[in-house]
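Multiple structures are listed underneath, in structure tokens.
Each of the next two complexes has subunit A plus one more chain, namely subunit B in the first and subunit C in the second.
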Partner chain A sequence: MQLKKRYQPGPVSTSLALATCALLGVPAMAEEADKWQVDGSMLLYSETDRVSAIEPVIKASRTFKNESKLDLKLTVDSLTGSSHNGAAVTNGPQTFTSPSGNKVYQINAGDVPLDDSFLDTRVALSGQYSWLLNRTLRATSGINFSNEYDFFSVGANAGLNWDLNQRNTTLSFLLGLESDTIEPVGGVPEALSLQPDQLRTDSSESRTVTDVLLGWTQVMNRRWIMQLNYNLSLASGYMTDPYKVVTLTDGAGTALESESLGGVDIGIGDAQIFEQRPDSRTRHALYWENRYSRENDDVIAIGYRFMTDDWGINSHTLDMKYRWQLDRGWFLQPHVRYYIQSEADFWYESMTAPEYTTVLASNDYASGDYRLGKLTDLTVGLKVGRELPSGRKWDARLEFMQQSGDTDAADVSAVIGQVGYRFYW
Partner chain B sequence: MRVLTLLGCLLLVSGCQNLGVNPWEREVLAREAMIPGVADGLDDAFDDHIYFSKEGSSGGRGFGGGGCGCN
Partner chain C sequence: MAGETRLTRTSDGWLGRFTAMASPCEVQLRDVSRSTAEQVLKRVAAEAWRVEQRFSRYRDDNIVAALQRANGEWLAVDEEFERLLAYADTCWQLSGGRFDVTSGVLRRVWRFDGSDRVPSADQVATLLPLIGWDRVERRPGQIRLPAGMELDLGGIGKEYAVDRALLLAREHTDADLLLNFGGDLVADGKTPWQIGIENLQQNGVAGQIPLARGAVATSGDSRRFLLRDGKRYSHILDPRTGWPVQGGPHSVTVAAARCTEAGMLATLALLQGAGAEPFLRAQGVRYWCLWE
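Moving on, here comes the complex of A and B:
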């Protein structure tokens, strides 16, 4: 079954997607050269008893007659619900302040401490342009902005894709710079201080992230293509989550009292300290993707990623899809994703008073964020779609994700639903 | 070190010369479903954003978290 050839790269991964297109010698079809390809998609994400999100995205892409390409993308991300505040599940009730510090809330014994004031809307804009420097060399450059109530990010990237061996090999180089500004509700908390004291150091913080990505895309044979990427990421600045705390306990599962440590008393079990993470992070990620088309046009896609960083987190991700190609453009695509990570060196489920004294004295790092602890995630899902003869296309997917770790806070179940439609304009 | 890296790249590129296909043999490979980063459309960006905000890892396929304060 011969299908139409279409481009649909993503904003940051655009350069590699373009590299692959160039590698395959996919020509811009005449009808595409005169029209915008518009992809609209809506994501619905819902966790049991926690966060829900609605995320509409619209993306417009155009290939010009000189083979240069432009991608524009608008994302709106609306979140609401409850989020784990970093504290441990304890034997007795606990008391916390809201992010602004103006309100107090209690969590019952045995319950996962969730802050139910989580509400935000993110708007992100990005543009990516690529053009041919010569027959085998393509340059790409892009910018992106993202804004939320307490966070602003601006980024830029530039790169080169070089075709070799009759376009059977493409080597890619991509450099990205990002600058983030964080303005926490209520101000920046003083790290490692007791939450009831509400000590604030400043109104905002910032960080920068530099990314380098080296890619090798290789046609193996008529049915098999492979991509191998190495990504180095260097982050510097404020990496702490200003809304997360670590619970101080007696070592037997009961939260201590703030006043017993010289702090303000706001209620029972209120010895919670603001977390502190390192002000730099170096990540190395190796990503390997293989795509193989069977004789009947079904496609097997297997991706594997290994990531390691200087916070002590190592992770393995395995992602498998099987595209079952049916008649008249219909397809079904089962998906399985498995993820496992080790904990960061400074992750604590909870901390005792002597541990706190030691960490405080050495201004060391501490976080109870379950996302930095041991994690095992499993996602299974199914996508169905149809490519129409006119080049239009629609698809829908439904997936279920289950997270688990060493604490109850890590037990998260989520449903992911998405519908998408493509047309030419 | 630089010499070794250069040597490695040369070996890699020369090794790749035995792989690949002729221009007229790309019909299957040119299908959108066979193109990394393109095959799954916007799904990749959605997934990268979801998992970036729920896990301690990111990057590899592309980079960055899409400018998000969620992690």
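Moving on, here comes the complex of A and C:
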């Protein structure tokens, strides 16, 4: 008798459990019972000439005998590099103060105004527990914390998942509450005031975010699963970015002088005002995903997301993945993502003195943050990985992102690299 | 294949009975109406009879018989049969050839009736060329068995029927449920059932374990053996030699998530002979061995 490999009596129960699920045509339990499934990953994100980030993540999840499940996640984000300070690209040099207000820096004509003091470490911790109320109803509840040197966030959520129609339909409901505290370096700047005047209050600001998620997952047939989610997000409180400014210009591309508007003179092209955003934001998002498994075990996933908010931003995201299943657990997964967004009602590339007067008089909103402007992103990438018979798995991903918008500040290209490893413990 | 089903009231629900695969079969349900219990019982029994009809080697009107009649020719098979063959293949691989669905031909010379009729070495040797899963050819939707070979899915069928029946029963009710086909069983409920484990017996009384969700299956039969010149020959045959496995337990009971899996772990353990317990310990499952 010829065997493919030399036989060693050893643990076969995992392979046998998977084979049994295949025989019965039921989904395999991905996680091994009574063990922690640990997923570790390291993400590197690097924008050309701008921000670089290193993000290690460790996730641990465990399914207990009573089918309750605990998920824990620790994320550390370490950011370095330069980020756009909100100002316009102008014909002449411009002068800014650093976020703390203690230093002054200049940007040359034609350059994207970047603040190079950008350095931050974020630590986030979350825990989610879900349990069966009865055969078809599962409850879930979780908490999360996130901390940065100028930001602290705490959140909690609770929800229900209801299986119907012989588990071919799942309806879910989730309510999330989050409370954020922002303590800007150097104090909270007075919105719409001239940056050189350094009008700041030594205090902190806060906001709360309420999220409601309604989900519908439908098994269409043996190979096709569809998911439709609606997310309502209500934020209220301080949403302004304390480090971002809007440039006041003469309308022909040259920054004005602060002193000409009655402000302090700190240098050339220093008429920069601190931005102001609304103190509430209502967002509606609709997400639709289809997953189709082909006869040869390849998987096609297509997702579409539409978001609209009362700041005037509408966005569309189209995300496509193809998982190409190769021999012996290897897989290749090409990925394409396209994102397009319209600008907020109060987005200004720059502002003229008369516009400023009007905005100031009515205490209106203004922001020059390119992330609130018109944007188009294209991401392409490839993931390669291997699932081992023991349930362990590793993968590596490389992606390129190209972003463009109405200003040079929005033109960003980035490389994303990630490696991940899953094991049971 | 149809038969009779009988439904009776119990203290906390219903007990349905029928006979399939030469075994008494039971369905227990809690907190459902009589009509639901009746529906579930009918569905479960119909599935047990269907699996028996389709895959029993004692019938001449099914795929197993047709395969033997094909006499070495390719034969078209359906998806369910293909999945069973794929499972048998996995088990053959995982056991290093010890579990082999073509080993049934050994029954022609081995009859475990408690007598001393041990076959001769020649008799066993002439059958060995007819055994070997690796000699079975498969391609999508088709199988070819060399002439003279036989296929026996008896080592999978009953446990498979239990798991299948549970899936179908779940289309009718979410209530607590216990299916027991001649000792191979699956429980699926919130409140545990008391499960008698024959291999736990002390003084002839079976021990009990509580089981809310999961399956228990037993392989082996302490009553089937041959005895010659003081040597006991177990009915567990190693398909690689054609001779009984020595030094192992008479029967093994295993608890696992699904009945098919539990039954196969018990069978694979028996095929390890004296190595049965180390094998079971390595699987990290609950098990009970009966040695004498």
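Please note the rule applied: the second predicted complex is superposed on the first by the 393 of 425 C-alpha atoms of A that agree within 3 Å, B and C clash if a C-alpha of one lies under 4 Å from a C-alpha of the other, contacts with A are read in each partner's own complex, and residues count from 1 in each chain.
The criterion applied here is as follows: a contact is a pair of C-beta atoms (placed from the backbone, for glycine too) under 8 Å apart; a residue touches a chain by one contact, two chains touch by 3 or more.
Just so it is clear, the structure is predicted and the values come from calculations on it, not from any experiment.
Trainee: Quick check on the superposed pair: does A:Trp216 touch subunit B, subunit C, both, or neither? Answer first, second, both or neither.
Mentor: It touches subunit B, and subunit C stays clear.
Trainee: Scan A:Gln166 for contacts with subunit B and subunit C and give back first, second, both or neither.
Mentor: In the superposition, A:Gln166 contacts both subunit B and subunit C.
Trainee: Which holds for A:Glu178: it touches subunit B only (first), subunit C only (second), both, or neither?
Mentor: The answer is first: A:Glu178 touches subunit B but not subunit C.
Trainee: Looking at subunit A, does subunit B or subunit C touch a larger number of its residues?
Mentor: Result: the larger residue contact count on subunit A belongs to B.
Trainee: Examine A:Leu318 and indicate which partner it touches, taking first as subunit B and second as subunit C; both and neither are also allowed.
Mentor: Neither: A:Leu318 stays clear of subunit B and subunit C.
Trainee: So, A:Asn134: does it touch subunit B (first), subunit C (second), both, or neither?
Mentor: Second partner only, subunit C.
Trainee: Let me test your reading of the model: by the given contact rule, A:Arg305 touches which partner, first (subunit B), second (subunit C), both or neither?
Mentor: The answer is first: A:Arg305 touches subunit B but not subunit C.
Trainee: Please work out whether A:Asp150 is in contact with subunit B alone, subunit C alone, both, or neither, and reply first, second, both or neither.
Mentor: After superposing on A, A:Asp150 lies in contact with subunit B but is clear of subunit C.
Trainee: Check subunit A for residues that touch subunit B in one structure and subunit C in the other, and list them.
Mentor: 2-4, 7-13, 16-17, 20-21, 24-26, 166
Trainee: Which of the residues in subunit C come into contact with subunit A in the complex?
Mentor: Within the complex, subunit C contacts subunit A at residues 83-84, 86-87, 90-91, 93-97, 132, 134, 160, 163-164, 167, 170-171, 174, 190, 213, 240, 256-258, 260-261, 264-265, 268, 272, 275, 278-279, 282-285.
Trainee: In their complex, what parts of subunit A are in touch with subunit C?
Mentor: Per the stated touch rule, the residues are 1-4, 7-13, 15-17, 19-26, 29, 33-34, 67, 134-136, 166.
Trainee: Which of the residues in subunit B end up touching subunit A in this complex?
Mentor: That would be residues 12-13, 16-17, 19-23, 25-47, 49-51, 54-64, 66-69, 71 of subunit B.
Trainee: Which positions of subunit A touch subunit B when the two form their complex?
Mentor: Listed in rising order, the residues are 2-14, 16-17, 20-21, 24-26, 39, 41, 43, 45, 55, 57, 59, 75, 77, 122, 124, 144-146, 148, 150-151, 153-155, 164-169, 174, 176, 178, 180, 182, 209, 211, 213, 216-223, 225, 227, 229, 231, 233, 241, 283, 285-287, 289, 291, 293, 297, 299, 301, 303, 305, 307, 311, 313, 315, 317, 321, 323, 325, 331, 337, 339, 341, 344, 371-372, 375, 377, 383, 395, 397, 401, 403, 412, 414, 416, 418, 420, 422.
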